[in-house]
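Several structures are given next for inspection.
Each of the two complexes below includes subunit A, the first together with subunit B, the second together with subunit C.
== the complex of A and B ==
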């Protein structure tokens, strides 16, 4: 959502809207994490009045979806792809192959056994 | 993945040559150094003179006799290298451990064995000159990671390619070293860290029987410095969530409904 997006581009990798969106989600999640955790605590704390807990439940469910950790998805930093991204290199499989063949990834070479 | 001989590290290759150091006295070394220096100075002076002559258009005869007569030249070239230089061509020297108590495990990791062999050699030499008994380099199991990816950027799963990354490891163990010296050694290695070689050290320190008292005193002494670092360990204890909970519960909306006989207030 554009209300969360930075006014100026604050990324240095491959850029497309999905990458920017994911980056925004990460920032928003980090910003709202204590609040989410606090609400989760209130909801689960059985010593609190039922009404308070229900209220917290409502508040949590009404928070923006960008504040959810599950919205974050690792994307390829060289092609912006969302699938087949290796965590070790943060590259999608094809970018990984191209870079490995070009020798840009230290220690990675063609295997044969 | 044996590298061809011309690709191997100069150290490794030279290590294999068994040169028996010629025996000679200490005075010869001093003589050798002074002769070399004198020769260098002479050459330098001649070059300078020639340049000056060229600048001022003065002719000098180039048929001057050589700086050293052949006999002296032969003598100079037959002098042996200084011991410390000679040692570079040989296997690193080691100190014998008296008790064999490990005090530091240094693990080197790399993707290219040449760099690591060289650096392990360097580390052993450094340990020798710091009077530290060192064991190693012990080869540890390699870490092999493999990835299989389709060759194409889209579909065609039948045609794939394999990639691998093999991490090679070596262990150098220091035994019986003084903790201070071990720290110096580690600092020296870190200062002269070699490209493509990672280092990880486990340092063991031994205490007397009154260790509890010592530790308490030490903790007291380091308290201020530690607070900052310890706050970064473990789960977040900076109270952000706790504060937030208090804030939410004391907010107006919660306060307004949390009292009285509003629905769901009975537990």
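== the complex of A and C ==
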């Protein structure tokens, strides 16, 4: 959501709204991760009173969806694509091919045998 | 050769103290696995490359030097040519009345009524 978005764009890669959104989600997740983990610990700890654990469950489920790690999706940094993205290169398959053939990716070589 | 349980518990306690883990002989679910997990936030937030410096920053740093920004000049040239041909962008509407007229035209649906003269 836009209330989390940075006022000034701080991205140096390909930019479209989906990339901005994902970047915002990443930053929000990093900010709220300790809180989420603390709540998860309270929920998992069976020695704590049941009431406390139920409250923690409620609190965790009521946190904003942007603070959730599963909302984050790796996108291509040169085309913003969300599918077929190589994690090691952070590029989608077509961008990867183009850059690899152009020799922009060190150590990547077309296989031939 | 049987070892008493108390002795094994002592061993476990010492083991936990040395390796700084939680001593939990009853095997209760204490949720310690959550505390053991590393925080993934910083690595995930560093996925996209950040903006380092722009030509604008360079110009602001050295106001006395002339910085040539090709892309910006191209853009301004294009706008100038478009304006000369009368194909430029319309002026920004400042008042509500001006913008309302524009909105009515677009959101009609049927045949638009001609404005009263």
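Note that the second predicted complex is superposed on the first by the 113 of 113 C-alpha atoms of A that agree within 3 Å, B and C clash if a C-alpha of one lies under 4 Å from a C-alpha of the other, contacts with A are read in each partner's own complex, and residues count from 1 in each chain.
In this text, a residue touches a chain if its C-beta (ideal position, glycine included) is under 8 Å from a C-beta of that chain, and two chains touch if they have at least 3 such contacts.
Fair warning: this is a prediction, and the values are worked out from it, not measured in the lab.
*Asks:* Determine, for the superposed arrangement built on subunit A, whether subunit B and subunit C clash or fit.
*Replies:* fit
*Asks:* In the overlaid three-chain picture, which partner chain does A:10 touch, first (subunit B) or second (subunit C), both, or neither?
*Replies:* second
*Asks:* Examine A:44 and indicate which partner it touches, taking first as subunit B and second as subunit C; both and neither are also allowed.
*Replies:* A:44: touches subunit C, not subunit B.
*Asks:* Per the contact definition in the header, classify A:86: touching subunit B only (first), subunit C only (second), both, or neither.
*Replies:* After superposition on chain A, A:86 lies in contact with subunit B alone.
*Asks:* Touching A:107 in the superposition: subunit B (first), subunit C (second), both, neither?
*Replies:* first
*Asks:* Look at A:69 in the shared chain and tell me whether it touches subunit B only, subunit C only, both, or neither; answer first, second, both or neither.
*Replies:* Once the two structures are laid over each other on A, A:69 reaches subunit C alone.
*Asks:* Of the partners subunit B and subunit C, which touch A:19 in the superposed model: first, second, both, neither?
*Replies:* In the superposition, A:19 contacts subunit C only.
*Asks:* Could you tell me if A:27 is touching subunit B, subunit C, both of them or neither one (first, second, both, neither)?
*Replies:* The answer is second: A:27 touches subunit C but not subunit B.
*Asks:* Minimum CA distance, subunit B versus subunit C, superposed model, integer angstrom?
*Replies:* 5
*Asks:* Is there a shared patch on subunit A that both subunit B and subunit C touch, and which residues make it up?
*Replies:* On subunit A, the overlap between the subunit B and subunit C contacts is residues 34, 37, 41-42.
*Asks:* Provide the residue numbers of subunit A that touch subunit C in the complex, in ascending order.
*Replies:* 9-13, 19, 22-23, 26-27, 29-31, 33-34, 37, 40-47, 69, 72, 74, 77, 90
*Asks:* Inside the complex, what are the residues of subunit A that reach subunit B?
*Replies:* Subunit A reaches subunit B through residues 34-35, 37-39, 41-42, 48-52, 54-56, 59, 84, 86, 88, 93-94, 96-97, 100, 105-112.
*Asks:* So in the complex, which bits of subunit C are touching subunit A?
*Replies:* Per the touch definition, subunit C meets subunit A at residues 28-35, 37, 39-42, 44-45, 47-52.
*Asks:* Considering only the defined contacts, which subunit B positions touch subunit A in the complex?
*Replies:* Within the complex, subunit B touches subunit A at residues 111-112, 145-147, 149-153, 161-167, 196, 240-245, 247-249, 253-254, 257-258, 262-267.
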